[in-house]
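The structures come next, written out as structure tokens.
Shared between the two complexes below is subunit A, which has subunit B as its partner in the first and subunit C in the second.
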Partner chain A sequence: MTQPLYILSACAISAQHTYDATRFLDPVLSVNDGKLFMIDADYARYISPVAIRRMSRMLKAGITAGMKCLEDAGVKTPDGIIIGSARGSVTDMQNFLKDMINMKEEALTPTAFIQSTYNSVNGWLAMMTKCTSYNQTYVHRGFSLELCLLDAQLMLAETTEKKYLLAGGFDELTDEYYIIRDKIGYYKKQMPESQALLNHYDTPGSIGGEGASFFTVTNDADKASCAIHGLQMLLQPTSEALQAAMADMLSQNGLKNEDIDVLVCGMNGDSRNHFLVDPLIATCADKTTIATFKQFSGEYDTASGFGLWLVNYLFVHSCIPTETVYKQGTSDEINNVLLCNITISGDATLVLVKRNSLAG
Partner chain B sequence: MAERVVVTAVGIISALGMGKDAHVAAIRNRQSGVKAVMHLKSLHSAEFVLGEIDKSNDDLASLMGLPTGDNGYTRTTLLSLAAMKDLLEHVDISVLHNEPFAFINANTVGGMSKMEDIYMDVISPDNDEQNNKYINTLDCAESTENVAAHYGLKPLMATISTACSSSSNSLLLGARMIKQGVVKRAVCGGGDALSRFTLNGFNSLKNVDKQLCQPFDQNRGGLNLGEAAGFCLLESESAAKARGANIIAVLSGYANTNDAYHPTAPSPTGEGACRTMQQALDMAKLAPGDIGYINAHGTATQNNDLAEGLAIQKLFGPNPPAFSSTKPYTGHTLAAAGVIEAIFSMWAMEEQMIIPNLNFETPMEELTIKPATALKENEPVNHVLSNSFGFGGSNVSLVFSKA
Partner chain C sequence: MEDLKRTLKQLIIESLNLQGMKPEDIDDNASLFGDGLGLDSIDSLELMVLLERNYGIKIEDAREGRKILTSVQTMAEYIQQNTKAIS
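Right, the complex of A and B next:
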């Protein structure tokens, strides 16, 4: 990446207390049925009573996380809205589809159809923030959020003006969607307590999750606590390719393995991903603390958004919550953090985040 | 100063056929691909006309050398494969193997055309393994990854879904990646197959015309849906010249804005559409008078044509360049509309012709301008503008110029 993408604020609605970050993992919320649903936030704070009545849960969560994120950054109208979601509002899609089938294509109402459109959260956020500038929606499975970050970085590289973009990702879990994905091996057959997910690395599948994670990203170094300096998307890489991409990213930034203070690892407890995760952990220096998050977020296509939210949390709070620590490293600083996400289908993404030394 | 981005090859399949010759011949004959339904198994099939592609799924599979029948490919993917096959008739695939490139695809509902037929079985906890191979086709990214895999390509991939502006956004992202030096080349576009889901969706919004659609007509009654797929090969000018490629057009300007007005309807004054076209012209460093032809979004819905007509009138004045909607030829092909209409616009420039707006009878009361209705040949068309507007207030305009 040619220029850093500064993170000015982050907001996540997830299965943990992230919307109110003062309560993060206090307590850890855990389930034993493999379905980590989001905790509802105060949606009515941002969405009018008239609008909220017709909105599905994902729409409300996406809009609220986006609005709160901008509010935390002190940005009223962003210079662009870029959102990733592999599946959009699943509830709306399945409701319209089932109505169509059950009602034999008669007397259908359009609300669910409209809301199932992948860019409906984009449209609402544009309306609510009066953002008439750039608006984009990426729908590429486990790369959806990362493509937003790439686009944001490219867009900001085109200008010398200070610009503030809202970038984020969301995906929804429903009981029905769980059944569907369970049929193709997404979830464990013997479901552990979700917080103990990573102790069950010997069986295939993961646990279901959902969430909305938003970031105010900017080329303005003034107030951001951290910035993204590297970004890689790897389609079903070999372990060697993942290692090479990581080494390449570090060397481009003048860093070595031992300069990584924290590896935030999106391992998902799926035995089929051992071949990627094990060498990654083995190459970590003694200094590096490994933190994990999917036992808290569950697995979903834009779960890396929870991971990036956690990365930002580490920089803002200058501490690593003990519940997330998979391996304690010797470094007592948090300057360089690498986020590595690994999906059920074996795709991987790397995001290098460094402390912002230019913060005013 | 960033390099110019050029288009060096296109691939297309729509209700007019496959490839340039079939399309240009149909346009010259004022021949529409919108007709009675052959393949879509909707309970409303007999009531509507659609821009449906003649080829069945088996025909498309055979064309691609794939097994016919229950082969795991949805119509969305088959159409995208066919468009890529057409593109590769015009460029050696080694060009895409030799250097890093991006593949940017778009669609609105992934493999819904298949999923809607099997959904009740798919959500039943009783395992019916027969359908499991289609489960991942629910993802919009499925066709993107399948097309790349079919041709053994390993590009930087992205899939976009911004409703009816989706594939215009593919071209925009490709251009941005090339200008920023992320890649030298990008295959950009999108594809959507007809589905009962979208037909019933638009029908529930009461904006589907059961007759042939009439863009920019006072008595327009809504859109006809269609299906299509299209791709453009974008390259940096130096990369194109280095391999001696034929340059079809320069992508000289583009803009993406949002109405921030309503979830489905455009701002009625056309303010958003006007701003988008203006920004695209600004990037191309062109004045409105430089544009020789506008391929309008022109869905023939009440809202779109009023907003877009007012926007064209506002920006281009009482005597705008020739403009037409090509949706009467293809139907509204949703995510594919942006790229196939961009391709039509480039052909208007290549062939120096004005594409007539079919089915137009009565000018709109609110407008003083009306679309081009006669085919004109040997017209000086040096710059073209192509509009795509979608749900969620999403507006994209593209400007192409002669090389």
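Right, the complex of A and C next:
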């Protein structure tokens, strides 16, 4: 990356108390049926009663997370909105398809169709913030969120003016969608308690999850607590390719393995990912703490958004929640954090985040 | 006619997801749009589909639709005059 992407604020609505970060993992919310659904937030705070009545849960969560993120950053109208979603609003799509079948393609209601599109959240956020500038949606499975961050970084690199962008990702879980993904081997056959997911690395599959994670990103270093300095997306890499990409990213930033204070690892409990995760963990220095998050978020295409929210949390609170610690390192500082996400299909993403030393 | 209006109000509440509202909360002659019930243009499409699905009535002319969808009273009167009764 040519210039850092500063994170000014972050907001996530997930299966844990992330919307109110003061309650994060207090208590840990766990399920035993493999479906980690989001906790509803205070949607009515941002969405009018007339609009909210026809919105699906995901639409409400996406809009609310985006609006709160901007509010926390003190930004009323962003200079652009860039959002990633692998599946869009699944509930609305299901309702529309069911309607098509039941009504034999006659007399179909418009609402579910209108709101099933991938860019519904973008559109609503643009209207609510009166943002008439750049508005982009990335639909690219496990890379959807990372492509948003890359696009934001490229956009901010083109200007010397201070600009503020809303970037984020969301994906939804429904009972029907769970059944479909289960048939293609996404989920474990013997479902463990979700918070114990990583103790079951000997069987294939993971657990289902959903969530919306948003970030106000900027080229203004003044108030951000951290910044993204490196971003890599790897399509079904070998273990060697993943480690080489990691070494390359660290080297470009003048860092070595032992400079990483925390590795936030998006391992998902799938035995088929062992060959990527185990060597990665083995290369970590003694000082590096390894933190994990998918036992709290569940697995979904933009789950790395939960991971990046956690990374921002570490910098803002200067502590690592003990519940997330997979391996305790010797370092008591949090200056360099590497987020590594592994998807069910074996793709990997790396995001290097450093403490912002320029914060005013 | 009274039964028809009550059924119609219930259908409106269900199809437009008017949370917390009961049929008796909707006045027969209150405007459905603007200052009355506060519905919008997407709701008008939903109401047209509601008439087609439940009463077999297809509104082809938008100007005529505006008159029909003025209130529960005007909708009920139009249904009574034009019912083909699907349900």
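Note that in this section the second predicted complex is superposed on the first by the 360 of 360 C-alpha atoms of A that agree within 3 Å, B and C clash if a C-alpha of one lies under 4 Å from a C-alpha of the other, contacts with A are read in each partner's own complex, and residues count from 1 in each chain.
Heads up, the rule we're going with is that a residue touches a chain if its C-beta (ideal position, glycine included) is under 8 Å from a C-beta of that chain, and two chains touch if they have at least 3 such contacts.
Being a predicted model, the structure only gives us computed values, none of them experimental.
Student: Given the superposition on subunit A, are subunit B and subunit C in a clash or a fit?
Tutor: Overlaying the two structures gives subunit B and subunit C room side by side.
Student: Which partner chains sit in contact with A:Asp151 here, subunit B, subunit C, both or neither? Use first/second/both/neither.
Tutor: After superposition on chain A, A:Asp151 lies in contact with subunit B alone.
Student: In the three-chain superposition, say which chain, subunit B or subunit C, touches more residues of subunit A.
Tutor: B
Student: After the superposition on chain A, what angle is formed at the C-alpha centre of subunit A by the C-alpha centres of subunit B and subunit C, rounded to the nearest 10 degrees?
Tutor: Value: 60 degrees, nearest 10.
Student: Contact-wise, after the overlay, does A:Leu108 reach subunit B, subunit C, both or neither (first, second, both, neither)?
Tutor: Both partners.
Student: Name the contact category of A:Phe170: first (subunit B only), second (subunit C only), both, or neither.
Tutor: Neither: A:Phe170 stays clear of subunit B and subunit C.
Student: Tell me the contact category for A:Leu235 with respect to subunit B and subunit C: first, second, both or neither.
Tutor: A:Leu235 contacts subunit B only, not subunit C.
Student: According to the stated criteria, A:Arg53 is in contact with first (subunit B), second (subunit C), both, or neither; which is it?
Tutor: In the superposed model, A:Arg53 contacts subunit C only, not subunit B.
Student: Quick one: is A:Ser120 in contact with subunit B, with subunit C, with both, or with neither? Answer first, second, both or neither.
Tutor: first
Student: With both complexes placed on chain A, how many Å separate the closest C-alpha atoms of subunit B and subunit C?
Tutor: Shortest inter-chain C-alpha distance (subunit B to subunit C): 8 Å.
Student: Could you tell me which stretches of subunit A are touched by subunit B in one complex and by subunit C in the other?
Tutor: Shared contact residues on subunit A: 106, 108-110, 114.
Student: Where on subunit A does subunit C make contact in their complex?
Tutor: For subunit A paired with subunit C, touching residues are 50, 53-54, 103, 106-111, 114.
Student: Of all residues in subunit C, which touch subunit A in the complex?
Tutor: 15-19, 38, 40, 42, 45-46, 49, 52-53
Student: In the complex formed with subunit B, which residues of subunit A make contact?
Tutor: Against subunit B, subunit A makes touches at 2, 81, 86-88, 94, 96-98, 100-101, 104-106, 108-110, 113-114, 117-120, 122-124, 126-127, 129-141, 143, 147, 150-151, 154-155, 157-158, 176, 179-181, 183-184, 233, 235.
Student: Touching subunit A in the complex: which residues of subunit B?
Tutor: 42-44, 108, 112, 115-116, 119-120, 122-125, 127, 132, 135-136, 138-141, 144-145, 154, 156-163, 169, 173, 176-177, 179-180, 182, 196-197, 200-201, 203-205, 256-264, 272, 275, 390-394
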